[in-house]
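Presented sequentially are two complexes of chain A, the first with chain B as partner and the second with chain C.
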Partner chain A sequence: MRNLFRSRIFWIAFIGCVVGLLLPLKVSGYILGLLTVAYYFGVFSMAWDLLFGFAGEVNFGPTFLIGLGAYTAGILNGYGVPVYPCIAAGAVMAVIGGVVLALPALRLRGPYFGLTTLVAVLIMMNLIVVFAGFTGGEIGLTVPDVLSVDTDTNYYIALIFMIISGAILYALSRSPVGLILQASGQDPIEAGALGFNVTKHKMTAFVISAFFSGLAGALLVFYMGTASVGTLVSISVGVQVIIAAVLGGRRTIIGAAIGSIFLIAAGEALRPFGELSTFIVSAVALVVILFVPSGLLGILTRRGEHA
Partner chain B sequence: MTVLAVDGLVKRYGGLVAVNGVSFELKGGEILGLIGPNGSGKSTVMKLIMGIERPTAGSVVLDGVEMANWPSHQVARQGVGIVFQHSRPLHRQTVLENIKLALLPDSLLKLFADPHVDRRAREIAASVGLGHVLDRRPGTLPFADLRRMELAKAIARDPRVVLVDEPFAGLTPTEVATFSELIRGFRNDGRAVLLVDHNVKSVAALVDRVFAMYLGERIAEGSADEVMRNETVRRVYLGGSIETAARPESTFKDADTPLLQVDKVGVLYGKAQALQGVDIHVHEGEFVSIVGLNGAGKTTLFNAISGLVPHSGAIRWDGKVLKGRTPASIARDGVVQVPEGRELFPDMTVRENLDLGGNHLPAKEAATQLAWLFDLFPILKSRQGQVARTLSGGEQQMLTIARALMMKPKLLILDEPTLGLAPVILEQLSKALEKLRQTTPITVLLGEQNVTFALPHADRVYVLEHARIVWQGPPDRFASEAGTGYL
Partner chain C sequence: MLALQILVDGFAISALYALGATGFTLIFGVSGVLNLSHGALMVLGAVAAWAATNELHVGAYLAALFGIAVTLIGAFATYFVVVRPLQTSRAIPKEETEIFVLTGTLLWGIMIQELIAYFFTDNAKTVLPVVEGVVNILGVRTPQNEIFTAIICWVGIGVLWLIVNKTRSGKAVLAASMNPRGVTLLGFELSRIYIAIWAIYGVLAGIAGVLLGMFLGVSSYSAGPLTGSAFSIVVLGGLGSVSGSLVAAYVVGYLETVTAYMINPAYRFIPALLLLVVVMYVRPQGLFGRR
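Right after this comes the complex of A and B.
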C-alpha cells in the first residue's frame, strides 16, 4: 500500500479524478458532453492496453467487442427491454463474442492473431449493413431509452465508470496475475516452462478486455441514443482507440485513458483549423509514438520512477 | 533411483528426422551431459522433455508418470525446470519481481501474492549471489547476473529435474567456476541435472556421465573420459585422418604485407567483451579457417571486418585502414561476407537471387560469372526457376555462397556454412570449396565450429576461444595441439 501512495502514477490519476469530479462546476455542457464520450473511449483504450501491453497480443479489432456490446444493448432495448438489463446483456455478449473469436485466434502466432481480429470487424460491419432491419444498417440504430437527459448526470456516470474500470484494470495489471500475463506476453515458452498455462492467462485477459469494452460500448449507446457503424465499429474508431493507448503510454492502463481524453480534447481545441485539425492531431501522435515510446504518461512519470 | 526415463524418443519435422530413438535415464543427484555438435538434435531432446515440442514417438517418464505430449506448463508442474540460454526477462520489473514470478501459482484468482513468496524470493536470490541487485531492473545487469536470475527462477520452481541449456556460454572463466558450483548445488540437493552443450570438454569437470549425440542418434555414452576417447566421437568432432593441402605462408606473393591485417582488434557489446586483442592476417589467395565454438566471437570478428560493428584496434585491407567506413563501401572494395543466417530472398527464384548478386556487373560479365557458378554448383543450374525458400538447407547454403561469388569478391568470408547441414550435403559443399580454391585466386576466410569441415581446405588455422585467439598453425598440427578442446 505504501508503494501505491509513493507512486507518481497514482497521484496523477488521483489529481485527474478530482479535477474531473469538479469540472461540471466550471465548464459548459458542451465540453462535458465531449468529455463524456472521451471517458468511454478511455475505457475502450484501457481494455485494449490490458491485451496489448500485458498479454502482448495486438487486437486490431477493439471495435468488434465494442460493437457487440453496443448493438446487443441497443437492439434489445428496441424490443422493450429496460436499460440496465440491456447494458448487462451487451457486456455478456461481448465476452461471448470475444471467447468465440479468441479461442481459435490465440492458437495463431505473430501477426495472425491481429489479422483475425481485424477481419472480425469487417465481418461485423458487413452484417450490420446486411441485417439493416435489425441494426439500422448504414443509417444507424436509434434506441428508445437513454441513461439520463441531464448532462451532469451523464458526465458523472461516464467519469465514475471510467474511474472504477481503470482502478480494476490497473490493480489487475499490478497483481500477480498481471505479472504472469506480462511474462506470457513477453516469452510464452519460458512462461510455460515456469508452469503457467499461457493460453489460459491470455484468454482471461481477452475476456476481461471484452467485458469492459462491451460494457463501455453499451453505456455509450445509451448516452448517445444511437449506434452507428461510423461512430462505434468502423476501423477508424478502432485505430483511434489504439492510438490513444499507445500515445498515452502502453503497459500503463492509466495512460490509455489520458491518451483518449487528449485525443478528443486536442481534436476539439484544433477545430478552428478545420480539416487540418485531424492532420495536426495525427502528426502529434506520430511524434510522440516515434520519440517518446513510453507515451504521455511516460513524460509525466519519467523522473519519478526511472530506475 | 531413476527420476527421469526417456525411451525411444523420435522427432520428425516433415522429412527431417531431428531425433531418432534416443533413450537414457537420469537419477536423482546425478549430472548428465547431453552433448552433440550443431544440428545433432540435443536441443530438440531438451525441448521434447520440457514439452515445448511434441515428440513424434517415444516416452518421457518422470517418477513413473508418462509425460510425452503434455504441454510444457504441465511438465513444469510435474517437476521439470529449465534454465534457458537466452530468455526475455520482465524488463519493467525488478530482479526480485522476476524471481517472484517463478514462485507464483498458476492461478487466475491470485490478486495478492502470499507473504512467504517475498521471503522465499529473497532467500533464493541470496543463494545464487543476486542479493545486492534485487531492486535493479534486468536491463541494467551484467550478463552473468542475468544467467544467475534464470538459475534462481529454476530453483524457485523446486524441480526434481533441471535442464540447463549451454550452461557456460558467454561466461568468463571465473564465472564458469561459480556457475559450476551452483549447478553442483542442484546435484547436492538431490535433483537430477541434464546439461546440454556442444562439447564434452566444457562440461567434463562437472558431469557424472555423458550422452553424446550426432544426427539425432546416440553415438556414445559413459564417463567424460570414455566419451572423449570414443572413436566415433573423435571422428564426428575432429574428422578421421584429415588430408590437408596447406600451402606454406612464404609461397604467397604478399608475404610481407598481407591483404588483410587484423591488429589487436577488440569489440564490446555493451559490457560484454566479444573480442579481445585479436591478431590475424590473411594473404592474397590464401584459405584461412577460424575455428571456434558457439559464442567464441567468430561472427563478431567477421562483422568487425565487414564494418557492421565498431571495433578498437586496426583492420587493414590492402594496406588501408577500414575503420569508419560503411559496410557498403567495404563490400564494394571486395570484402563479401556470407552470413550465418543465409539471408536469401526467400520468395525469389534461384536465378533472381543470383542476378541480384551480380547486379553491378556488366551483362556480359554477369553471364560469364553465372556460367562459372553453375559449373561450380551444378545443382543450382537445375533449380534456377525454383523459389529459394523451397530449397533444402544445403542448396540454400550453396545459393548463398554463389550469390556472394556473383559479386566477384576478393575476400570471401564464410560464417558457419555447415550450420544444420547433413553430412552428405557437407561433402558436396566441401567439394565446391575445393574446386573454388583450385580454380580461382580467391581469398577465403572461413569461420567454423565443425573442425572436419574447416581443416581440409585450410592453409592456416586460427582457434578463437572466449573472444581471444588461443592457437594458430597449419591444419595438420591442429588435432594434436588444439583438438581436445573440440571433443
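Right after this comes the complex of A and C.
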C-alpha cells in the first residue's frame, strides 16, 4: 500500500481523476460530450493494453469485441429489452465471442494471432452489411433508449466507468497474474517451464479484455443512441484504439486512457485545420513513436521510478 | 458464356492482385516488415499518374512512368523515415519492433492518404489508359486495357523472378530471406539488400497502382482495402513466399469474381475472408509458407 502512494503513476491518475470529477463545473457541455466518448475509448485502449502490453499478444481486432458488445446490446434493445440487461448481454456476448476467437487463435504464434483477429473484424464488417435488416447495415442501428439525456450524468457514468475499469485492470496488471502474463508474453517457453499454464493465462487476459471492451461498447451505444460500422467496428476505429495505447505508453494501462483523451482532444484542437487535422494527429503520433517509444506516460515518469 | 466472362475478368484482376502482393511479401520475407502503408503507396502512384495527365498534360506513357517514379520515392521515404529508424532505435525492445513498425507504417499510410485527399480531393480518379479499344476473346468483349494489365503484371513478375534467381544481387536477396546472418557473414551489406528490396517494392507497387488506376480507378479511400487485400493474399499464400502469393492472388481474385457474378457483388469479399479464417486455423503458415 505504501508503494502505491509513492508511485508516480498513482498520483498522475489521482490528479487526473480529481480534475475529471470537477470538470463539469467549469467547461461547456460540448467539451463534456467529447470527453465522454474519449473515456469510453480509454477503456477500449486499456483493455487492449492488457492483452498487448502484458500478454504480448497483438490484437488487431479490438473492434471485433467492441462491436459484438455494442451490436448485441443495440439489437436486443430494439426488441424492447431494458437498457441495463442489454448492456450485461453485450458484455457477455463479447466474452463468448472472445473465447470463440481466442480458443483456436491462441494456438497460433506471433503475427498469426494478430492476423486472425484482423480477419474477424473484416468478416464482422461484411456480415453487418449483409444482415442489414437486423443491424441497420451501412446506415447504422438506431437504439430506442439512451443512458440519460443529461450531459453531466452521461459524463459521470463514463468517467466513473473508466476509473473503475482502469483501477481493476491496473490492479490486475500489478498482481501475480499480471506478472505471469508478462512472463508468458516475453518468453512463453520459459514461463511454461516454470510451471505456469501460459495458454490459460493468456485466455484469461483475453476474456478480461473482451469483457471490458464489450461493456464499454454497449455503454457507448446507449450514450450515442446509434451503432454504426464507421464509429464502432471499422479498422480505423481499431487503429485509433491501438495508437492511443502505444501513444500513451504501452504496458502502463493508465497511459492508454491518457492516450485516448489526448487523441480526441488533439483532433478537436486541430479542427481549424479542417481536412489536415487527421494528417497532423497521425504525424504527431508518428513522431512520438519514433522519438519517445515509451509514450506520453513514459515522459512523465521518466525521471522517476521504472514502474 | 458467364463462365468465360468470369475466367477472363478474374484473370486480369488476379494478375493485378498478384503484382501488388509480390513486393509486399518480398519485404516481409527479407526483413520481416509488414508495410501497412502499402495501399497508400499504390494510390499515391495512381494519383500521381492521374495528376500528370490532367494537370501537366503529358502523354499516357509518360504519366504512367511518373506515377511509378513517385511511388518509388514514396517507398524509399517509408523505409528511411519510418521503418529504418524504428528498427534501429535503441529505445524499442527487439521483440516489440514488429508492432512499432506496424503502427508506424500505418500512421505513415494515413498521412499519405490524407495529403492526397487534401490536395486532390477524395473523388475517384481514373488514369488515362495506355491502350484503348475492345477485343473479342471467345465471345467475351474484353477491353484491351484489361489484357494489357494482365500482360504487364506477368512480365513484371517474370522480370522479378529473373532478377531474384539469376543475378548476383538477386541471389543475395533470396539468401537474406532465408538466413540474414549467413548473408552478412558472407560479406554482403544487409542494409544494401534492404535498400534493393525497397527499390524493387517501390517499382512493383507503382506499376500495380498505376494499372489499378487505369483498370478500376482509385480514390484515397482505396488505400485501406488495398492494404487489406494484399495482406490477406500474402497470409493465404504464406508470409514471405512469393510463389504462394501468386497462387493466393488467383484464388482470391477468382473467388471474388465468381461471388460477384454468381451471387451478389455486395458479398464479393466474404468468401475469401472465410477461406482465410479456415486457412488460419488449419494451416496458419499459409498454403506455401514456412513456419
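Basically, the second predicted complex is superposed on the first by the 305 of 307 C-alpha atoms of A that agree within 3 Å, B and C clash if a C-alpha of one lies under 4 Å from a C-alpha of the other, contacts with A are read in each partner's own complex, and residues count from 1 in each chain.
The rule is short, and it goes like this: a contact is a pair of C-beta atoms (placed from the backbone, for glycine too) under 8 Å apart; a residue touches a chain by one contact, two chains touch by 3 or more.
Since the structure is predicted, the reported quantities are computational estimates derived from the model, not experimental observations.
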{"item": "Clash-or-fit label for the pair chain B, chain C on chain A", "value": "clash"}
{"item": "Partner chain(s) touched by A:Pro176 [first = chain B, second = chain C, both, neither]", "value": "first"}
{"item": "Touched partner set for A:Leu194, first chain B, second chain C, both or neither", "value": "first"}
{"item": "Which superposed partner A:Thr204 touches (first chain B, second chain C, both, neither)", "value": "first"}
{"item": "First, second, both or neither for A:Gln186, with chain B first and chain C second", "value": "both"}
{"item": "Superposed model, chain A: greater residue contact from chain B or chain C", "value": "C"}
{"item": "First, second, both or neither for A:Ile123, with chain B first and chain C second", "value": "second"}
{"item": "Overlapping segment of chain B (options 201-209, 273-281, 345-353 or 363-371) - the one that collides with chain C in the superposed model", "value": "345-353"}
{"item": "Footprint overlap on chain A, comparing chain B with chain C", "value": "186"}
{"item": "Of chain A, residues touching chain B in the complex", "value": "171-172, 175-177, 179-180, 182-183, 186-187, 189-198, 200-201, 204, 251, 307"}
{"item": "For the chain C and chain A complex, residues of the former touching the latter", "value": "34, 82, 85-86, 89, 91-92, 95-96, 98-100, 102-104, 106-108, 110-111, 114-115, 117-118, 224, 228, 231-232, 235, 239, 266-267, 269-270, 273-274, 276-277, 280-281, 284-285"}
{"item": "Chain B residues touching chain A - in the complex, by the definition given at the top", "value": "50-52, 71-73, 75-77, 81-82, 84, 87-88, 90, 92-94, 97, 100-102, 104, 106-113, 135-137, 140, 153, 157"}
{"item": "Chain C partner contacts - residues on chain A that touch it in the complex", "value": "52, 56, 58, 104-105, 107-109, 111-112, 115-116, 118-120, 122-123, 126-127, 129-130, 186, 235-236, 239, 242-243, 246, 250, 275-276, 278-279, 282-283, 285-286, 289-290, 292-294"}
